[in-house]
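Going by the order they are written in, the chains are A, B and C; count residues from 1 in each one.
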């Protein structure tokens, strides 16, 4: 029989950040994905991940990923270990073309959501697609199918350091609780999601991946005092309608890369008077362009520019405030070696403080740095 | 010298659940061992365990078991890593017949408490024995003795997939804090526990294990508002008397298996008026019958039926409410392969909501499913 | 390519404690570093550490150390996994003489702070040096330099079981947030620290290490009700001046060992009336003497005596109360084998309860025991 260390392996990565607000509404800056951004933030461990993974047998693959940079709600100390993923892939066939992924895992919606933060160029995901799902993940069961030659293509993109997403199937369908990763279910119903994506390889080796996805369910937001008044919810007890459809297209950087996504939908949103949550429409997306520079004496460079736009309710924040985003980022990722990456970003923010009432908009330019080590 | 990975190993298991209330007092259902049961529960990761273990040298064995499905009290997000076990076995002799287990570990009381949830047929333990000890564990020191031929018999039961408990000694004696796993001590005294069990092997290979156990100490319950009034405690500052004696008998399934336990004792319990906690008597137990079906094309089947009964205070819940249980379960565990198990249970509940005042009784039939993967 | 288990390793240690107040102000005893000390404390897991470490490549070393005996603030259950360390050592040269340590790690201030709790004789660190930094650690970047022959000397001290600190450089300089391990930054500025130490080896093999360190920054304490009144802070918004300079000298036990440190500084401190936090001076240190007894049939003995003194604000406790310490400890560490250590200490406490107002002083003799297992 195999030794335990041939069935189970350990790997991971850590992201260390520093940010400085260069200009704009300095005191108003509050950026929900990164606590190093804003007035009193200096050094921050954004992610500290360990992955325990392995092919346990021909039909079972394991994936458990705690993040050691998590804080229980209400605690003034952080850096606790909390699950991101904890799932089993149960393969029906020897070629692993058909499988069900059970447990807590990523919801197959969007490309950027599925791409690991270890591989992403921008320091954080775009709000438009990412607002679909708290921490991109939920508890449920997901069916994935991809024929072998497509699975090989997903692998090739990763092996060639082209910033892929890994294999989330050519076709995906899933059911899940819908309240977000690490949250208890809020109603009796489930969310449903489906996705189709196709990575087309041209004869010159270029790969263009494009696809479509949709999800629907009922979401129960949390509410709390905002300006001395707790907004009421204009929704049935089972929660607000939560529906989206999105498209994505990715030209992998050989050497020029282009990536774009957009989605439209409906969900809960705080009204103008900040007195009531109502069902509202939302839409938004992003475009990212990059150019891969190889063959340097020291590593690889990825200069990039990203524009993102979003108008909609931030459903998983308290009171589901209206979030308006119109950001522009100029960045450079330097892969010094395979295990060490440095990223610098000039982030021109034009967005909403969704963390605290009265949910004001601000404009600010923030200089952001990240050191990442992979293991 | 040995490599680290030959001294230390990693293994574990995860339990994924789904429940649906089929009939009865649907809105009243609240089942403390499983949050997927009840109105707003859908998918749940009940346990996500990693075990770090090993024989460090001839006299020291290590066992550390965090559960990644834990929630700090007061936090609205879960899936944090919290210890179940963290102990050292210090062996006095080369044969490891005599040892002391120091740290946080299981209290040697009852058979079902000691049997791992990885091996148990029923999805949750019976209330009668399990109410002795929060999470079956505590912080302390436990002496275990078993002669080599008995240790071999404990191992044989496990190796033959007969749903054993592992080796908790033929004789056990321990002292521990008494407030439950992961809790701070509440008084200056310790709890004491002792247990004797004997696995008799008949000439035809059948094994019948039977034994007796007892514990005593002083327990300090927590109280809080119940119906706008916080009950008072009719006990000295050092806490309520907490005493139990129990018996167990297990015929291992070759192929027919039968398992029964019962215990009697005294402990804190909320009075009828829900105004005061007083010392009261308790008693209860269970009977479980199963039949092991091997040699199928796909895995092994364990159909089972379990009846349990309990009348007593649920001491580690707030206000130690009176808990009346009279449940019947019909279940089937399908071990598809060694690493994948599916269990379905029709659970006829007749019990008390011990989680929130006014601690009402309810009747309901719940259909429950579990997928477990072992690694 | 190397296997994962040749790049990454796992080790750790656990400390199990029991304490009993022998005489003195029994009801008043409250000792912040050890919850087993005091009226309602019996058995305690003080530390349960796992270290995930490794040389990932020639330029990157990894160190992640969660402690499984941590409690989120506000939670009534403990034993959650929380980071102590999570850092990368980035080595500039092949000999690893020059490196930067990035992430959360120990602040290079004091000798005892840097010495691992796994190796320390006394059960807890002295208040005078340790009050510099919550959990001895913070988030930041630290530069270390030590020439190869000094690095070898640091290693020799560890290999010979002489209770060393490991290699924190001959010279160190760092910047860090300053609010303590696992805390968010409280202002926009950084703390700075520097340290120089030199381990001199005499011709007879004796090693005498001596050095100096200093740190400065701005610290923002937390405040809360004390006697029905929350003290105000007499400081700018960016926090109180936080400055220290210290000296250390260590004669390693071959067989007689002597270790002494002292430091002086300024920082926040609650005033006499307990109404206001003001900038105040502080000073204190300790002397520890030991004698190493090898060559016994069973292991190694380290009898030791430690005296410590401190007068100053305990800045990282709520309201930064004035802490007066004048403690004497008589102890014996018995290394039964490399993996198992037993320590007994007669601790004569003369100190302040810094955990709760009115922050009274008490005198008490406490008998303390620790069992430690290493893996």
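FYI, contacts are C-beta pairs under 8 Å (C-beta built on N, C-alpha and C of every residue); 3 or more make two chains touch, one makes a residue touch a chain.
It should be emphasised that the depicted structure is a prediction, and the values quoted were computed from it without experimental measurement.
K.L.:
Any idea if subunit A and subunit C meet via the same residues, over half in common, or different ones?
P.N.:
different
K.L.:
Considering subunit A as a copy of subunit B, what rotation angle in degrees (nearest 5) results from a C-alpha superposition of the former onto the latter?
P.N.:
In degrees, rounded to 5: 120.
K.L.:
Taking each chain's centre as the mean position of its Cα atoms, how many Å separate subunit A from subunit C?
P.N.:
Those two chain centres are 38 Å apart.
K.L.:
Can you tell me which residues of subunit B touch two or more of the remaining chains?
P.N.:
Residue numbers touching two or more other chains: 5, 66, 72, 74-75, 80-81.
K.L.:
Within the complex, which stretch of subunit C touches subunit A?
P.N.:
3-5, 7-8, 52, 54, 56-57, 59-60, 62, 64, 66, 70, 72-75, 80-83, 86, 88, 90, 102-104, 139-141, 176-177, 181-190, 222
K.L.:
Please name which positions on subunit A make contact with subunit C in the complex.
P.N.:
Answer in residue numbers: 5, 9-11, 14, 16, 35, 39-45, 48, 50, 66, 68-69, 71-72, 74-81, 337-340, 371, 373-375.
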